[in-house]
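Chains: A, B, C, D and E, in written order; residue numbering restarts at 1 for each.
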Amino acid sequence: ATSAALSAQETIKVGILHSLSGTMAISETTLKDTMLFLIDEQNKKGGVLGKKLEAVVVDPASNWPLFAEKARELITKDKVSAVFGCWTSVSRKSVLPVFKELNSILFYPVQYEGEESERNVFYTGAAPNQQAIPAVDYLMSKDGGEVKRWVLAGTDYVYPRTTNKILEAYLKSKGVAEADIMINYTPFGHSDWQTIVSDIKKFGSAGKKTAVVSTINGDANVPFYKELGNQGIKATDIPVVAFSVGEEELAGIDTKPLLGHLAAWNYFQSVKNPANEAFIAKWKEFTKNPKRVTNDPMEAHVIGFAMWVKAVEKAGTADPDKVIDALPGIEAPNLTGGVSKMLPNHHITKPVLIGEIKADGQFDVVWQTKGLVPGDAWTDFLPGSKDLEADWVTLKCGNYNTVTKKCGA
Amino acid sequence: MVLAALAWLPSAAVAQAPIDAALEKLTTDSYSDTIDAIQAIAVSGHPRAAVIIQALQGGQLAFSAAEKKVYVRVGNGLQEAGSGAATAAVPADLADVRANNRVRGIVSAAMGTLTLLNPDPARRLEAAASVLKSRDVASLPALEQALGRETDPAVKAAFAAARAAIVLNKADASDNERVAAIDLIRKRGGQDALGLLRGLPADTPKRVKDAAEAGAKVVETQLALWSGAQNVWYGLSLGSVLLLAAIGLAITFGVMGIINMAHGEMVMIGAYTTFVVQEVIRAHAPGLFDWSLTIAIPLAFLTSGLVGVILERTVIRWLYGRPLETLLATWGISLILMQAVRTQFGANNREVGAPSFMSGSFDIGHMSITWGRLWIIVFALAVFAALILVLKRTPLGLQMRAVTQNRSMASAMGIRTPFVDALTFGLGCGIAGIAGVALSQIDNVSPNLGQSYIIDSFMVVVFGGVGNLWGTLVGAMTLGVINKFLEPYAGAVLGKILVLVFIILFIQKRPRGLFALKGRSVEA
Amino acid sequence: MLTVSNIDLFYGAAQALRSVSVSAKAGEISCVLGRNGVGKTSLLRAITGHQPITKGSIVWEGQDLGRMPPYERARRGIAFVPQGREIFPLLTVRENLETGYACLPRAERYVPDEIYDLFPVLKDMLWRRGGDLSGGQQQQLAIGRALVTRPRLLVLDEPTEGIQPSIIKDIGRALEYLRSKGTMAILLVEQYFDFAKELADSYAVLDRGEVVIAGSKAEVDPEQVRAKIAV
Amino acid sequence: MDLAKNSLLYLDGVAVSFDGYKALRGLSMVIEPGEMRAIIGPNGAGKTTMMDVITGKTRPDEGEVLFAGSTDLTQMDEAAIASLGIGRKFQKPTVFESQTVRDNLVLALQGDRGTFATLFHRLTGREATRLDELLETIKLQDRQNELAKNLSHGQKQWLEIGMLLAQEPKLLLVDEPVAGMTDAETMETAHLLRKINETKSVVVVEHDMHFVRELGVKVTVLHEGAVLSEGSIDHVANDPRVIEVYLGR
Amino acid sequence: MITSFLLKGFDRRVTFAVLILAVIAVAVPCFNLYLPQNHPLHVPTYLVQLWGKYAAYAMLAVALDLVWGYCGILSLGHGAFFALGGYAMGMYLMRQIGTRGVYAHPILPDFMVFLNWKELPVTWYGFDWFGYAAFMVMFVPGLLAFVFGWFAFRSRVTGVYLSIITQAMTYALLLAFFRNDMGFGGNNGLTDFKDILGYNIQADTTRAGLFFLTVLAVIVSLILASAIVNSKLGKVLLAIRDAESRTRFIGYRVENFKVFVFTVSACMAGIAGALYVPQVGIINPSEFSPANSIEAVIWVAVGGRGTLVGAVVGAVAVNWGKTWFTGAFPAYWLFALGALFVLVTLFLPKGIIGTLSSLMARRPAPAGTLNPKPAE
């Protein structure tokens, strides 16, 4: 995987830990390409600290223990200075001990359930407060249709369960009755949605405006949307807002019947601004595919990578330990026109955008937060977490308890 | 609402009011402005009001912010929205007037009322449905007028129901009026009715409330019955998907005894063939799109079948008599095929569209049946029937069975075993390819497509009884129906677990599956 | 005419046939005899193409069969009644018979009545699974199935094994009848000496993979044969 | 009932059908302790099926099958019946192909068949001698370490017989032991069975009339799942019905 | 009795393998701990851990070969036993975290805290005690195998039917363990372990120790399995594999034998899982995935079914291949691995060890014992 042209001395190695095969390859392959693209661009600009960057790609094959193994290989054998990788939370959990033990850096680019802040990990994807909660806020607003009844549909695992737990608490705090919330879980790769979609239809025909908040993940989305289309659930009747459906996923679906369904992200390809347009153009050129789309986790890598480069330059070295300390406070422009900042809790600030699906598989941004929302590692809506705070700058702690005033207690 | 005024007297000549101010609002690219504009245009009584609103609904309304002008797209040309005059000069900053769900909701309610008198009964039915959904009191006069004129009984019933829905929610309706409305709604039945009856405003008088509750109960029992039927339907439709996925395996595994781990990839190849066919059609003959699946079926059969034949000739044929090793080899093959597709088409999902005859749904009573699923059931059964015919009624079928039961004796009988082997395996794979065409309609077309069906396929074949095609049919349908009856109670996850446990227990009772092969040779 | 000359046959490193030669002529029954494990079945497997030979030649109707696969041999008129019957267990009796159609032109695809005359049980059992039949019934089916192909060389491996006496007699009569037609060569492996003696036009006695006695009925003393296989 | 009590094997009115095909129709038979009985009958008469019923492979639809006067065999499974002391040689030789000839016999040797007993089993000297004897009897000494699958058809027949002997059952059910044997071997087998019969009971099914005659025991003729005739070999051989359906003219 | 039984395990092949493994078990930790970093023979810690993982897989493969290779039970659910053993160990390790979790809850593991659980589910009781956990490592898989086997084998479920219901079993467990409600951490599983028996799990010495123990466990399981298959019971197993009903007719209670090996094998798999977890640092439901179990079958097939040593070789070879290919050609490694499987079946039909040993067997004694020509 190591491009042999450059010898180890004069390069800084960057590890890319994304599945290129197995179930997650669908999502992660693009991120590998993104990283190669970014590194290529950076090298064109002369690299970092006068050294060229060198990408080391491995394939953890959607196999969680293999993620840990490959992470270890990247850090100890290939001696990479930072790793950009993982998609699922479980893969991150699996590599976490490795990064801690070997004191290296992981940039994690995907929205996740939160409840974590580690010294060695930088979370460039959305925390729940940067995606789920604003999405619900939008739907409750006048523009969003003043939704009164909620279906929380998700794949049966930690991310959706946690997100839904947070949302349920949040909705109740906004006065939504228990009876107006329907929670439904399905297995990974669920492909027969007839019953559930018809249940949703039933739940939504009770007279109150209903919306579906979907934390359905991965492969299950396509059949879900196909079934929505087939059973004729229109966005004007029951809008579905999804947290894991982006441009990349829509590229695999006929979107005409899905017009108006929503997604909440921190970036959409359709966002109009010069930085984004330039990026898209270069990306298409790099991949030699004029139809290639961009999406939110890609943007997270763009930001993360830019931040890492700046931090290395600021620290004057690629040594992970130094870079970790240099990273908080670093700012990098995102592709939606703002400037994201790495926070002391290792999350970043991001705008939240709501998009409606268009017939061409792109999103129409119909709403967006006024400014950038800072990522919150510990949600305010769960009793166990609301007292926790992460701060790696002053407190040097990922889970400081503001009540007991102790780190990790 | 204001719209009603327009709808009420659609044919009456209303004074032409200036709508320029409203049109200008459409050029600000703000949803609230757009909504205001629609409302203003609607009350204006302007002759082009309907055209403009319809254009917005169809995404044909465009504006130029610089010129503060609104246009309607007509074919490739542009019309000025207000005057209808064609313009040749296309403004540089021409952009679509955007609509979000809220805008679309208001537009469709407006259009609903506007089309109550449309000459096309289907459109009138739609209009009735959208009025019923909006329950907008303002539509009442228009509705009543339309009701009076209506001759088509179906549409009339729909209008009456919509009227009842409005009356029920009208503040100043009398109790008697409301009870009558309740009666009507109860008779109509269905999920909407239940929603209406249960969703009365809090200040409804008790008598009305009681009547509504009683009515709701009736509707509920009726719906419960229908939902039983609906579950059976869902079950059969899931069953037919399982059948399609498994039926090729019933040949390669059931008949030939090859533990064919690459079966799923044959399905996948079929799905990708569909994708390629559609791509070609999109690029070269868009008019044929509705025929894309019909064209894809034979091609998918040939592609997967050919891959199967090649595999049989190069790998599988060395493994007869060593069934367990076929597991190893086919697993390897499946990895290779998956990666090959990933390399060729990318790791992402590919879009396969639905031809128009497979889109949408229709109702039988209170049961909704989607066309796509219906076709899949029909298709699965047709494939099954064809296969049974080939195996049981043709000399080739006899030779296939003979070869798989005793290869060397079959050869001694003059049967060209290599040819028959290749053909049998090819047939199994080809059928899997056909299944891929159907599955492309409901699932991801991705390199992993096959993986998600392989386990289910083996379950079905084994549950039904290895070597018995009827077993595969009944097995698939049984598992489908059981699954769909469990799902509402246990949830999808637990439901699936329960189905697996059921299979395990069932096999204890019938260790050779549902339709066990019988006879001395099997028992030995 | 079948001429097997000097063939060797190995199972792995073990040699089962050593330079064996036999022949079979149309209108004659050639009998191969020998005790258990001397290589009779191996010889037949070589002739029908189920086991490759390492030396020698098998010439049928002037053509060296070489490494020709069994089905090609079957298509050249060689039919095989194997030891152990090898019925297709899940095919019905009728289907078992119909497998013989594979090497027939379309017009000849029917089961000749003489087969049913010979083995009346088969007619009663057409719809039963072959594998369910009793041992003897299967043996009858195996012979019937071979005859469906209208062979010019009929190779039988201990066809009387497990068959009731009356049918053994019928089979004997049938073989005589087939011989009398003069168009078919019959190669019969037997252990049941009295049966073989009645039918044989020529003998080949195998011992430990070698032909120890060979010759026409006139040349060979049956008692010598009997003695040889009794050791 | 006395008949049942004093018998070793007692079949009364046994009926078996497969998918409506009646393989046995009210078969009754009594085998005395120490008796040897020959059973003949047309192909498909139900001889093998009868053995299936006795050994627990097939459950009869009707009828009684008693062993040693009282044990109801229809209620037991194959292993239990085998441990009672009923051994069987199958019509089609079924040996353990991937094990050596010797191991085939070791498996069949009489002894404790419990899981742990076999786990900790060590071959005793007595067992070893017994093995050698058996190998000698079945004439496979020089092939004892060869895999059973490499045996010829007839050799497998012998191995089956050897395995049956190794079990030292009280009752031997022998299905067509001499099929595929030469005439000389046939006679030898007859002697062997006669010798065994000195201590054990034997039921033997054969079509070879020389062999049956050589055994010189009572013969039962089955036909269409029931007894057609019974008596000495000369008696049945002259029974016109037996000649009609079985022996032929 | 026991010793003489175990001694049976030492046939030529196993003895040879045991010797090699013993050398590895000692040498690798020593080279890791006592040789300086730059010494050419130094074994980096990450390799110790990687090889430790292979060793755990090897043990699973031995367990599988015992039932599949010798008794014909093709279990497509052996990963379930492995995973259950792993979960038992994982639960112990979770409890050892104590207040070092992110929420610093003294009793509840993190994932329970953030799902607002109030108390420890009963299933977790006792797992803070190593002895109990170690017992459960064997007991839970063993019990499941016993119950499952008892029903299935008595009902005479055989062949593919058995394979498929074992697959159904592991699949059902996969789905069940995905559910957060089950109380085992859902999809994320159990991770972020701190120490084991008081030793820091990330320390080199602990790693080396775990490696040693795992290889030792492989050795023991090899000997045990080999002793079983070389005993008379082993012959019965082979007999069952080749002709199950015939075995019944000579009086063996086939179901008991099957339940016995199935249970023994499941316990072995459980221990393998337990040794695996502390070395890879995570256990989650994907270990239950049917594909994992199928892969284990493939290791055995590659190494040579029914050879025990082959199982070890196959597990190590395939996994090493995977490690290497995924790093060396991340985009094409599936081609390489897939081709490997196909080539093995075509050219090494008995697997690596099977083919090697039949080559060896052929050379010395020409097996031409068939019909030896009389001397005269």
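The working rule: contacts are C-beta pairs under 8 Å (C-beta built on N, C-alpha and C of every residue); 3 or more make two chains touch, one makes a residue touch a chain.
Keep in mind that this is a model prediction, so the values were computed, not measured.
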item: Touch-network distance, subunit B to subunit C, counted in steps; value: 1
item: More contacts between chains, C-D or A-B; value: A-B
item: Farthest chain relative to subunit C (centres taken as mean CA coordinates); value: A
item: Chain whose averaged C-alpha position falls nearest the assembly-wide average; value: E
item: Distance from subunit D to subunit A - Cα centre to Cα centre, in angstrom; value: 74
item: Rounded Å distance between subunit A and subunit E, as computed from the means of their C-alpha atoms; value: 36
item: Length of the line joining the C-alpha centres of subunit B and subunit D, rounded to whole Å; value: 64
item: Whole-Å gap between the CA centroids of subunit C and subunit E; value: 52
item: Sequence positions of subunit E contacting 2 or more other chains; value: 175, 178-179, 245, 331, 334, 369-370
item: Sequence positions of subunit B contacting 2 or more other chains; value: 338-339, 451, 493, 496, 518-519, 523-524
item: Residues within subunit A bordering two or more other chains; value: 20-21, 156, 185, 187
item: Subunit E residues touching subunit B - in the complex, by the definition given at the top; value: 74, 151-152, 155-158, 160-161, 164-165, 167-169, 171-172, 175-176, 178-179, 245, 290-291, 294, 297-298, 301-302, 305, 331-332, 334-335, 337-342, 344-346, 349
item: Of all residues in subunit A, those that touch subunit E in their complex; value: 1, 20-21, 57-61, 63-66, 68-70, 72-73, 76-77, 88-90, 93-94, 96-98, 101, 115-116, 156-159, 161-162, 165, 185, 187-188, 382-385, 388, 398-399, 401, 406, 408-409
item: Touching residues on subunit D, where the partner in the complex is subunit C; value: 18, 21, 40-45, 47-48, 91-92, 150-155, 157-158, 176, 179-185, 207-209, 245-249
item: Residues of subunit E touching subunit D in the complex; value: 1, 4-5, 228, 231-233, 235-236, 238-239, 241-243, 245-254, 256-257, 260, 369-370, 372
item: Contact footprint of subunit A on subunit B as seen in their complex; value: 31-32, 59, 98, 100-102, 104-105, 108, 133, 191-192, 194-196, 198-199, 230-231, 234, 237-238, 241, 338-339, 342, 346-354, 359-361, 368, 370-373, 441-448, 451-452, 483-484, 487-488, 491-493, 496
